[in-house]
């Protein structure tokens, strides 16, 4: 959790297209944590209806992960960021794919959620570096 | 920001009605920060269309504040919490009112957003105390 | 307009955060009736896909129950109401919990839906008393 | 339960596409009442931001009127109903148009909201006749 | 696909209640194609969770089909159209029913999706005729 | 409209995260057309409330443009596409920015909508090339 340690303690940031200028990768991470928790609860249950709910809610929360990441990619990051961090585009594309059909939507494997969380942390680390710059 | 200092550094939490067990008052705070930023941008602008967008987006973000707070109130807090913190119900009722028509929806006054942020911080402080318990 | 003539004159109320001043507990009750009906249809079916749809739609309708109740609690009821009806906070908290994970979302038991309906009726009774006051 | 005792026994109905079989024109009427109230509050105000909010919320509530009516038209009413009430299609088409750009969305005239309410009442009357049949 | 052949090649049309005047039956057709694809993937799979996701996503996409069709019926088509094409009301009512509980929501049978697509094509053909008129 | 001429005549494509495999840049283009139409109607009107509605609906439709483009970028395009078309990432980032605060949301200038439409057409041309491959 290097990115969190580097971050200012009091910031909690988000977005809107005014733009309000408030962004925070924590929003994506929170939903990804929820995705992972749904997988864990799915695995721990043998109640079919509960498992169906876990899959459905995981789908919904994965969508929110994608939304929050897309907003950061389009609305927060600017041309100079992409020059300085040439891996940014691929990072975002892979992270959002990891929250989609080939990732946490299509899988109940906690390892996939962990990969997603790791990608979000990589994005967060760059994000907080740019905020300090 | 006492509540943030007291909080574990790495946690970023949310919710769903599985329940996934992931909650974090930061979600409400992020949106409230956005509400405040919309008010500031509204005040700094003289472009009528921009101001209309600021008001509309502030409305939307205020609704999200209410949503996140309602979820905490209903889904995270249990009977023993309400016994230990008898002010909780009123705190949540006032906080959500502060994000409504008589609060940040009906006003462009940054002081109202600050009152909302203060209420959220009071809630957050109790929240993190209960997480440590 | 026979149906309307039979109905109490003050009915059909809702809300918005203008606020428009139009509220009616019927909105929550309608969705709760739908929740109960989904449970009954779930029980009467042996088609797995149909049952999955019933669970998913029940989830969605339970969320709507919560939404309508939260709006009443925050937007309609004011400080004097909470003084006069000290049970209001607990009533709303329990009712919304009954439409959540520990209630109609997590259960297919019609008795749980009935408990939810009873709570909504208790809220409605207080609501209509305050409207007459 | 005084309020419920006064109400017709068969009321509080809604829908979902399970289908749950719960329908009630009151849902559309409630939103239309809200539309009308927004117009009245718009007219009574001279605060530009408040008026903008009234227009925006009226837009949203008008959309909900359309939604509820469309659901009744498609999901509740069946071929025999359309045979018995040949005016039904036109009634629904006109009612939904009255909640659109040429109706309550494009106008702040309370008379337009009243026309919409009248159409909804005509639909409700037929609806309740079919429920008794 | 007669309707597509008759249509201007470059038009891609939609709607909003401004109204923007941009409509295109392609929006409903795209979602109906997705509904059909979900059914095909459902049939080709034996993974229970995947099938549950297919059913849930099919439900969502079917709802979008209904939405797009309702908008065309209410917002694009006017009284003269209904006079010239007396089958229009029934066509829309049947098409939206085909995307509901008795249609693609309640069934995994690709033949039902094909019936829906055929209805949409019939609507599209009339739509493009009226655009040329 | 080279991309449309190159495209198979009968395809109308969309998406979902099953994935259903149905994609079509037309969805983004339709909403962008609507955005442009809102600007034109805004310019042609002197009714303040109508203009406010135009701005609000333009905001909503711009969001839909972003959504449809993000889905294509994450869900349709794969690693080999990004290798073959190295401009893809920038193209999508610029297109979605053009539908945001610095683009069609923040501006009423039809030229901005035209730039957005041009970007979407560039994306569509690549999309259809990859479909033929």
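Which chain is which? They are A, B, C, D, E and F, in the order written, and residues in each are numbered from 1.
Keep this in mind: a contact is a pair of C-beta atoms (placed from the backbone, for glycine too) under 8 Å apart; a residue touches a chain by one contact, two chains touch by 3 or more.
Quick caveat: nothing in here was measured; it's all calculated off a predicted structure.
*Asks:* In this assembly, which chains make contact with subunit A and also with subunit D?
*Replies:* In this structure, the chains that contact subunit D and also subunit A are B, C, E, F.
*Asks:* I'd like to know which pair from E-F, A-F or B-F copies the A-B interface, where a copy means over half of the contact pairs are the same by residue number.
*Replies:* Most of the A-B contacts reappear at E-F.
*Asks:* From subunit D, which chain is the farthest off, judged by mean CA positions?
*Replies:* In terms of C-alpha centroids, the chain at the greatest distance from subunit D is A.
*Asks:* Can you compute the centre-to-centre distance for subunit C and subunit D, using the mean CA position of each chain? Integer Å is fine.
*Replies:* 20
*Asks:* If you average the Cα atoms of subunit B and of subunit C to get two centres, how far apart are those centres in Å?
*Replies:* 24
*Asks:* Between subunit A and subunit E, what distance separates the C-alpha centroids? Give it in angstrom.
*Replies:* The separation of the two C-alpha centroids amounts to 34 Å.
*Asks:* Among the residues of subunit D, which are close enough to touch at least two other chains?
*Replies:* As it turns out, subunit D has residues touching two or more other chains at 17-18, 52-53, 56, 59, 105.
*Asks:* Which word fits the touch map of the chains here: line, ring, star, complete or other?
*Replies:* Topology of the interface graph: other, matching no listed pattern.
*Asks:* According to the definition already given, which pairs of chains are in contact?
*Replies:* After working through each pair, the chains in contact turn out to be A-B, A-C, A-E, A-F, B-C, B-D, B-F, C-D, C-E, D-E, D-F, E-F.
*Asks:* Quick check on the complex: what are the subunit B residues that touch subunit D?
*Replies:* For subunit B paired with subunit D, touching residues are 51-52, 55-56, 59, 105-106, 108.
*Asks:* Name, in rising order, each residue of subunit D that touches subunit B in their complex.
*Replies:* 49-50, 52-53, 56
*Asks:* Could you pull out which subunit B residues touch subunit A in their complex?
*Replies:* Residue list for subunit B touching subunit A: 1, 4-5, 9-10, 12-18, 20-22, 24, 26-27, 29-31, 33-34, 37-38, 41, 53-54, 57, 60-61.
*Asks:* Sort out for me which residues of subunit A touch subunit F in the complex.
*Replies:* My answer: residues 17-19, 59, 62-63, 66, 70, 73-75, 77, 82, 89-90, 93, 96-97, 100-101, 105.
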